[in-house]
Structures are given as C-alpha cells and as structure tokens.
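Both complexes shown next keep chain A, but they swap its partner, so chain B is in the first and chain C is in the second.
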Partner chain A sequence: MLPLLLIAPTAIFALAVTVLPLGYTVLASLQEFPLVRPPAFVGLQNYQNLLHDANFRGSLGTTLLFTVSATGIEFVLGLVLALLLKEEFSLQGIIRSTLIIPMVIAPVVVGIIWRLLYNTDAGLFSFVIQSLFGTNLSVLSSTTLALPALILVDIWEWTPFMFLILLAGIQSLPQEPFEAARVDGASPWNIFLHLTLPMLRPVIAVALLIRALDAFTVFDQVFVLTQGGPGTATEVATLMIYKTAFRFSQFGYAASMAIFLLVLVAGFSAGVTRAFKERSV
Partner chain B sequence: MSRWVSNTTKKRFWFLTRLTLLLLALIITLLPVYWLVNTSLKSPVEVFASPPTLFPQNPMLGNYVSLFYRRRLGDYLLNSLIIVGTAVLLSLSVGSLAAYSLARFGKSRLQQKINFWVLAPRMIPPVALVVPLFLILQRLGLINKHLGLILVYTAFNLPFVVWMMRSFFQEIPVDLEEAAMVDGASRLRSFKDIALPLAAPGLAATSIFSLIITYNEFFFALILTSTPAAATLPVGTAALIGKTQTLYGEMAAAGVVAAVPLVIFALLVQRHLVRGLTMGAVK
Partner chain C sequence: MALAGAVAAVQSLPGCGRSRSPLQRGRITFGSFADPALDVLKEVLLPEFEKATGIPTEWVEADFSGWLQKALSDGQTKAGSFDIYVLDDLWVPRFAGAGYLANLDEMGFHTDQDFVPTALDLGYWPPKVGLRQPGLDPKAKPALFSLPLISDLQLLFYRNDIYSSGPPASWDEVLEMARQKSDPSKRQYGWVSRGVKGNPVVNSYFVLLHDFGGKIFGEDWKVVFNSPQAIESLEFYLNLLSYAPEGVAEFDSDQEGETLLQGNAFAATMWTGWCGQTDDPTKSRVVGKIDFAVPPKKINQIAKLGLFMAGIAASAPNKAEALEFLRWFSSSPTQLKFARAGGTPFKISAFNDAEARKKSRWLDAIFKALLLGVPSPRTSDWSKIEDILGTELNKALIERGGAKEHLDAAAAEATAFLKSAGYPAG
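Let's look at the complex of A and B:
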C-alpha cells in the first residue's frame, strides 16, 4: 500500500494538469466556442476544416522545414566538433563552460539578442552584411530570409547541446575496437564509418529525438523575433495554434490543430523509438 | 626519419586546426552574448551609431534604472522568484516521494507501467494542453495569479524530478536502509533519515535543473499571466519589445537582468546540468 501512497500526490498532479486537460483538448476539438453563447458540439467539423486549411498546411511545412534544417545542421556541426575535440586537452573546461551559456539563457532573451544583431538600424549582423555586400539587408522582414534567420538562431542556441551529448557519447565508447582497427591499418575515415558511427547510434538517436521534438514545437524565439511574419513566412505550428486560440478565440479549432500536432509527434517518437529498438536487438 | 618529420607536421597541422576551430566556436558563442551586455550599457543615441561601437563610449546604467522605475521590472522579477521557488520546492517534495517508491519497489509489473507513465507527459507538446488549462484556470479565477502558474509548473517539473531522483535513489545501497529497518526504523523513517540525506547531491542537481527550466519558461507564462501582478520575467521582457520598438538599450538591459544571474549560477553547477540537459542519455 505504501508504494502507491507515495506515488499518489504525483499521480494526482499528472491527472489534474496533464491527463484531464488532454481529454478536454479532445473534447474542445469537437466543439465550437461562440463569444456570447456556451460551447456547442460540432462533431468532426473542426478536423474537416483542418484538412482544407491551406494556412495550417503551410504552417506544418514551415515547422517541418525549420525542424529538419535546424536539427540536421546542429547534428553535423556538433558531430564534427565532438570528433575533433574528443581527446582531452587543456581548454576543454573553458569550452564546456562557454557552450553551456546559450542553452541556459532564456529563449526569450535569445530572441532579444538576435533582434539586436539583426536590426537594420545598427545591428552588428546587418552591419557586417552591409560592409561585405553593400546592401542593407533586413533579414527579419524578408519572406525568403526570415526562416533561415530563425534557423541560424536555433543553431547558435542548440549546437552546443548536440556537441556535449555526442562528445560524452564518444568519450564513453570502449577503446579496444579502435586500437585493434588502428593496428590493422584502417583509415580514420573507415574507423569513423564502421566503428564510431554504429557504436554511437543509441546516443545519436536520443540526441536527434530530443532536439527534433523541441524544434518541432518552437515558439519563444519566433514570437520575439518575427511573430510569424512577414505574412505567414515563419508561422510555425505552435504559433499558429496560439494565435487561433488567444487572438481569434477559436478555441475549438485551435484544439483540433493541437491534437493533430500531438498525433504527429507521438507517431514520430514511437517510430524512432521502435526503429532504434529493432535495430539494436 | 622523414616519416617521423611528416608525423610531427601532421600533428602540428591537426593541433592548429583544432585550436582555430575552438577559438572560432568560442567567439561565435560569446559574441552575441557580449553584444547584449554591450548594448545594455549604451545611451539611446549611441545604440544607433554607425558603425556600431564595440565598447560603450560612455557606459551608463540609465537603461537599467529606467527598467526598474518606469517598466516595473522589479515586479516581474519578484513574480518569477515566487512562482519558480514555490513550484520547484513543491515538485521536489512531491516528486521525491514517488521517485523513492519507484526506486525501492519498482520491480512489479504495475510499477513498471507507472515508470512509463511518469515520463510520458514530457513527450506531450505544451500546446496540446494550453487551451484547456487556460479555460479551466479561467473558470477557477486563477488566470494572472501566482497560484495558477505554480500548479502548472509543478506538474510539468514532476516527470523530470521523479525520473532524475529515481536514478539517484537507486544509487544508494539498499543494505543501509535494511539495517536501519531491522533495528526497528519504519520505512518512512529510513527514507527521511537515510535515503534523503544521502540523495542530497541528487536533490541539488534536480532542483537546479527544474529551476532553470521553470525560470526560463515563456509559453505558459505568456498565456496564463499578463500584468505585473503575476507575470514572470520572460513575459515582462517580451512585453517590452512590443511597446518600445526602438529602445534597444532597455531591451538589452532587460535581457541581461533575465539571463545573467542564471548563467552565473549554471556555470557554478555545470556538471549536474549536463546530466539533466541530456536527460541521462549519457552519464
């Protein structure tokens, strides 16, 4: 009895703030919330509208592009850095301390930092671009450049995460196979391809999963930097749901989008976890 | 001999490549942060200087003064401290109990299922919960109140707390507690007097981690609080942007106030932090 009693308070919190609201989201997604009257059931109407909503489709595409680009570039950069710096060296402490900084700065503040750098009045980034190319580029108000600018911010903020997790993974690998391969005269490239990568797979899978899930629900930096604009060029899914619910008060429609997103995320996580499990057995 | 020479050249080449890369990574990481501090110390005129000045020509604290006197940043800071402090304490006390239970009695099948369900909420995107949480808290009159955000933050910290504390409790040998119980101590007594003190470093690491996550949280804070009566520092900072499009100095100062204490804190305790950030994927 005691074991369950100790868990009970946690369970109550989870029930009240996670399970119950989740059920309510499903319920709300089947409803309409008119301003003056109580909510009314509309069946699957919200989901039907969702399927024909070009804005939502566009928003999902933007989110996907953001997630894949950011996560992919962060992974490659993090891996290269980790491979180059895997041996112990004198500066390691400083590097580690420095790289922690972007991760612990509040995302809102990260947004502010890059607003300062990107601003066309006297931003450092804009100034450098202007000196190099002679054009005053307003990246955040360009429909083509705003999303890459946001991706760059994400890379700055989260490459350290990839680096630290991959470095820890590489440093915890057993040394014997590598020594044997070196004795046999394998090239560094072959060692990387046939030893390091396969042995590192569990760590890589977790790193990519954590990062991709976070990037897929990015909000704070986008809110601070572009508010989804110009137009809807950077309107990621979470931001669109936020606007739908809290600016246009369409709670039911927002709930149906949220459920759609949740199913995508859950499916993706389950897929990655399963693929990883099957291969490692 | 020639082979030896070529080996040293090769080594030197790699050493230099590595060093260059390191310095580059350091500069790219630190320059934006430096720019924030730099801008926060500039006068409203100097902020627009072209080319931008690398050091504030007449460093001044005017931006900070204005933030606290005119923009009520102190109120937001106090709200953050109250909400974050309470939520971390609450989730640590509630979560440790569950973590202990899972660590000590976690072998049965029911418990293993509970293990999974403890971590599952972490996978749910916050946006899937925010509409009902807003509607429920609105009905309870808890919108723009400390308590509303405290409850939400506690619940969202719990998966981490339970999961991290469980691994710390598991590292404590069972024998110690069994010996105490043979001597007549109750299970709760042995938890309080033996397991909890031994897990103190774990409690510290876990609280640091939840503190950072909660202090930086923006999404729920934005939706569930709005005025200086209850809004947290990130919300107050973001609100500044909308109102003061071109007051970059004040924006930067607010960023410094929101970020610097935490950065210093994080650097002091970084070892624990990496473990939490990577969710124990690597120890």
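Let's look at the complex of A and C:
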C-alpha cells in the first residue's frame, strides 16, 4: 500500500498532464461542435471524412516531404560538421558557439528573419539573383520554390542540433578500435564506414528520431513565412489542424486530425526504434 | 492535446476568478487583438471613462489569431476571463451564434438614429438582412449582440500627384493610369494589393467582385463567385496586377502599405487603419500626396467593411460595468470626443463634425464608404469559405491567369463543404 501511496502524486500529475488532455481530444474527435447548435456525438464520422479529405492527404504528403528532406540534409550536414570539428584546434570554441546560434533563436523570430531575406523587393536572395541574372526572384510566391525555401530555413535552424548530438556521440566513442584500425593500415574512409558509423548507430537513431518528430510537427516557420501558400504548396498538417480548429471552429474534425497525426507519429517512432534495435542486436 | 491545452490555458488568463467587495465597481477586462487603430481608445478614451465613472479598466491583447483562439476558448469554457471581447465583425456570427455574447437588447441597451446604420447592423444576430445560416430559427428576431468600436473598412488610397484631377471614378481609369505611368525599372507601380492566400487576398478581391456585379452567395446559399461577372472581375484584377510589384502574391497588409508609403505605388484599396501613417514623415515618403476616396465604380460601387466590434462576454463577471462602458462610448458626445482625438467613430454626428474632419482628413471618405459598405457574408462558416476561395485566388495570382478554372474549383469545393455542413447549397 505504501509504495502505491508514494507513487500516487506522480501518477496523478502524469495523468492530469498527459492522459486527460489526450482522452479529452479523443472524445472531442467523436463529436461535432456546430456553433449555432449544441455539440453532438457523431461517432467515427470525423475519421471517415478525414479519409476522403484530399486537402488533408495533401498536407500529410507535404509534411512528409518536408520531414524527410529537412531531417536527411540536416543529418548529413551535422555529421560532416561533427567529423570536421571533433579534433582540438584553435578557435574551436568560437566556431562551435557560432554554429549553434540559429538553434537558440525562437522559431517565430527565425521566420521573420527569413521572411525579410526572401522578400522579393528588398531581400538578400532577390538582390543576389537580380545582380547575377537581372531578374527578380519571388521565392515565397513560387509553388516550386516555397517548400524548398522552408526546408532551407529548417536546415539553417536545426543542423546545429544534429551537429551537437553527433559530436557528443563521436567524442564518447572508445578510441582503442580506431587506434587498432590505424595500426592495421585502414583508410580514413574505411574507418568511418566500418567503425564510426556502426558504433554511432544508437546516437544517430536518437538524433534522427528527435529531429524527424520535430520536423513532422513544424508550424511556426510555416505560419510566419507562407501561411501554407502559395496555393497549398506549403500547407503542412499542423497548420491545417490549427486552421480547422481556430479559424473554421471545426473542433471535432481538428481533434480527429490531431489524433490521426499522433497515431502516425507514434507508429513512426516505434518503427524507427525497433529497426535500430534489431540492427544493433 | 493542443486543443485541450488551449482550453486549459484560458484558466491562467488575467482576470480569472476575480472577485470584489459589494462597494467596489468591478474592473472591466477588455480582450482584444493588437492594432494601432485602437490606440486612441486605449490611450485617450479609457482614462476618461475611468475618471468619469470610477470604473477601472484593464486591456489584455494578443496578436489577431492568438486573440481569436483565446476568445473562443473563453467563450466555450465560460471562463469569465474577459468582460468585453473586441471582435472583427466577421466573428460576430460565430460568437453570437454560439452564445458567447450577451444579448444587449435584453440587457437594456437602446440604439439611436445617430448610429451609421451599416455599422450598427453588423452587431445583430441573426442578421437583419440577407441569408440566414441553417440551424437558425427562420422566425427569430435579430437581436443586438455587439456594437461597433472602430469604423474600419477598405478605402481607395491614391496618389494625388498622379491622379491630379481627383480620385479615379471607375476601375477602368485605374487600369488606364497604371498602363500609362507604371515603370517597374524605377519601382513605380500602378497598383498594389494583398495576395496572400486566405483572408488577405479575398478582402482585396471582394470589392472588385461586387463592383463588377458579382456576389459570394446567391439564393439559398448557392455559391455564385464563379459567375460570368465574377470571372470578369478576377480577369480584371489579374490584369491590374500586371502593373503591381513582382511577388505581390506573397504580399500581406504590411508589404502592401509599405509599397504605397514608400512612394512605389499609385493606388491601393487598404484598411483605414493606414490613413494616419500616410501623413507621418517617419513612416511615409509621400506625406500629403496620398488622398482617400470610396473605391471606384464599375457596375456597382461598394466598400468592404471590416469593423472592430465590441460585445459583452456571456460569462463576463462585470456585465453591468461593461454595459456602462458601451453606453458611454457609443453616446454621441463621447463619439465626438473620440473623433476629435483622431479615432474613427461610428456616429453620424461625429463624422460630420468640422473639427474632427480637420484632425482626420480621411473621415469624409470613410463616412461615404461606410454608407456603401458590404460586410463578409454573415455565417459562422465564412472563414472556411474564405480559405477555399483565398487559396484559389492566390493560385490565380501566381499563374497570372486561369480565372475561370480557379473560381470553378473554389466554387466546387465550397459547395461540397456547405452541403456537408447542412446548407441547402446546390
């Protein structure tokens, strides 16, 4: 009895901050809240509508493309930076500190900075293109460039995070296998491929998982930079949920979207974790 | 979870659980979006109200979207965090329809003949004229749920050095002037507009749609914004935008206003909140060169309304004090003071005051435009329709063409949505 009593405050707190809101959202997803009529239970109708909602499917596709591209590029760049900066050298502290600046800026501020950079009339990108090619570049109003532009912002902001985690991982690897490989005449490329990467696998898994989950729920930059436009080119799932709930007041439908996204993200993390565990065995 | 969190967050807002002794007058808590147009009210009128009545006030504000979230959550949970909601007029159907606002008629508020009728009508639910949302009692008498707070609408801002013989009377004149005098190499553009998807581009297009004889809805909520008149109006808009800056499809209000104030555009339809900045040398390079008029005419001549409204929260802990404020603020003498201090009133006598007109030279244009004003359709689902239409308009702007295809696509999607929401649209 005593152990149960001791654990009760934590359990109640955990229930209050996680399970209850989640349960409420599930309940809300089974209802509709028409503003001019009382709320009504609609069963799985919202989920059924979701399956036929081409806009939501489109937003999931955009989110997936954003997540895979941003996380993939951030991983490669982060790894390259970590390998380059793992050794001791002068100015190392300054360079490392400078590299992590984007990560500590609030996402909304990042959005504003890049909105100015992408500005067609006075932005840096437009200026460079104008100087080089004599034509203006409307990055955020181009259906082909807007999403890559958002991915670039995410890469700029979050590559330092990938770099920090991978650097910590590399520096914590035992040195003996590397020394033995060098004595045996292994090339740097072979050492990287057959020692560094396999030994770094758990760290890579964590880094990729954290970044992918974060990228999957991107909102701030999209909200500030494009509002999902031009057209629906950058309409990510979280923005659609936000609009459905708070602009269109379709709270039940928005809740079903949120639950669907939650299941998707939970399934993805379970899959990634299992895949890395199986490979490590 | 975020939705549940939003509801929970309301509990932590200022004013929650306020209590007072029977002798004290309750503090009125205003909840609002941030907007410079509210400055005169906050800085000049509220202190006067406090002095005159002894009722303290508190102003809590957030950005436009953030405030809408907070207000909806407050209304839904009946948290009582606010006494007066400051609302965009297009929110009135949502808030009044959902029962988040107190009925001012039942509270004993009486209107008078000095109100500008088009402004006052926005506060009624169900609407006094026009279509009624399904689910509403067709025989229900319109009741007053909110009052105008700031008369905001879209005026024609035009350069008086370019249009030297006065404001353009017709849209064709605007196009002709743009054609003659635009020079992109010198960053001189005949027109500037908001093109961002959703509300901004719809608001910019709304005036043209109506002026060309088009409408959003026909009888029984039939979507008609793809009618021949509507297609013609969008084709005209796209034509006009070929004399606008590159990238106008990504412009919101800030970039539109900036382009005009920097002297790079000859004309635009903009919210009246920008009027004051045109004469401010710290913000404008064309001080004294911008005049104001009702937007030009084609078949019709209208102005898009977007008034700031004020309603008493149904869950307000200080309803009596809030009502006292609304009575005081909407009285003709206070409206006169408000106009003379630089505010935009909603009473006819205040608009006609010579001193007020001298202080704010745009008041005459606002008054004329107000009388021709058309609001967003009165339905709580307008934001969804606006999003659908705004997305396709934005696509048309990017492609600089395809007016019929995009309006047809928007009409089909809007019709499907309306049907699913119980409208008789067909």
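The definition used in the following text is that the second predicted complex is superposed on the first by the 265 of 281 C-alpha atoms of A that agree within 3 Å, B and C clash if a C-alpha of one lies under 4 Å from a C-alpha of the other, contacts with A are read in each partner's own complex, and residues count from 1 in each chain.
Operating definition for what follows: a residue touches a chain if its C-beta (ideal position, glycine included) is under 8 Å from a C-beta of that chain, and two chains touch if they have at least 3 such contacts.
Please read these numbers as outputs of a predicted model, since none were measured by experiment.
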item	value
Partners on chain A (chain B, chain C) - clash or fit	clash
Chain B versus chain C as contact partner of A:Ala258, first or second or both or neither	both
Of chain C and chain B, partner touching more chain A residues	B
Which superposed partner A:Phe127 touches (first chain B, second chain C, both, neither)	first
Which superposed partner A:Leu81 touches (first chain B, second chain C, both, neither)	first
First, second, both or neither for A:Met199, with chain B first and chain C second	neither
Contacts of A:Thr143 with chain B and chain C, given as first, second, both or neither	second
Touching partner for A:Val42 - first (chain B), second (chain C), both, neither	neither
First, second, both or neither for A:Thr25, with chain B first and chain C second	both
Contacts of A:Phe248 with chain B and chain C, given as first, second, both or neither	second
First (chain B), second (chain C), both or neither touched by A:Thr232	second
Steric overlap of chain C with chain B in the superposed model, located at which of 39-47, 57-65, 291-299 or 363-371	57-65
Chain B/chain C common contact set on chain A	20-22, 24-25, 28, 119, 121, 241, 245-246, 251, 254-255, 258, 262
Residues of chain A that touch chain C when the two form their complex	20-22, 24-25, 28, 34-37, 49, 119-121, 136, 138, 140-143, 226-232, 241, 243, 245-251, 254-255, 258, 262
Chain A partner contacts - residues on chain C that touch it in the complex	1-8, 65, 68-69, 72, 93-94, 97-98, 133, 135-136, 187, 195-198, 245-250, 255, 259, 380-381, 383-384, 387, 391-392, 394-395, 397-398, 420-422
Interfacial residue positions of chain A with respect to chain B in the complex	2-4, 6-7, 9-11, 13-14, 16-18, 20-22, 24-25, 28, 81, 84-85, 89, 91, 94-109, 111-117, 119, 121-124, 127, 131, 156, 160-161, 164-165, 168-169, 172, 202-203, 206-207, 210, 213, 216-217, 219-220, 223-224, 237-238, 241-242, 245-246, 251, 254-255, 258-259, 261-262, 265-266, 269
Touching residues (chain side chain B, partner chain A) in the complex	17-18, 21-22, 25-26, 28-33, 35-36, 39, 47-52, 94-95, 97-98, 100-102, 104-105, 111, 114, 117-118, 121, 123-136, 151-152, 154-156, 158, 162, 187-188, 212, 215-216, 218-219, 222-223, 233-234, 237-238, 241, 246, 248, 251-252, 254-255, 258-259, 262-263, 266-267, 270, 273-274, 277-279, 281-283
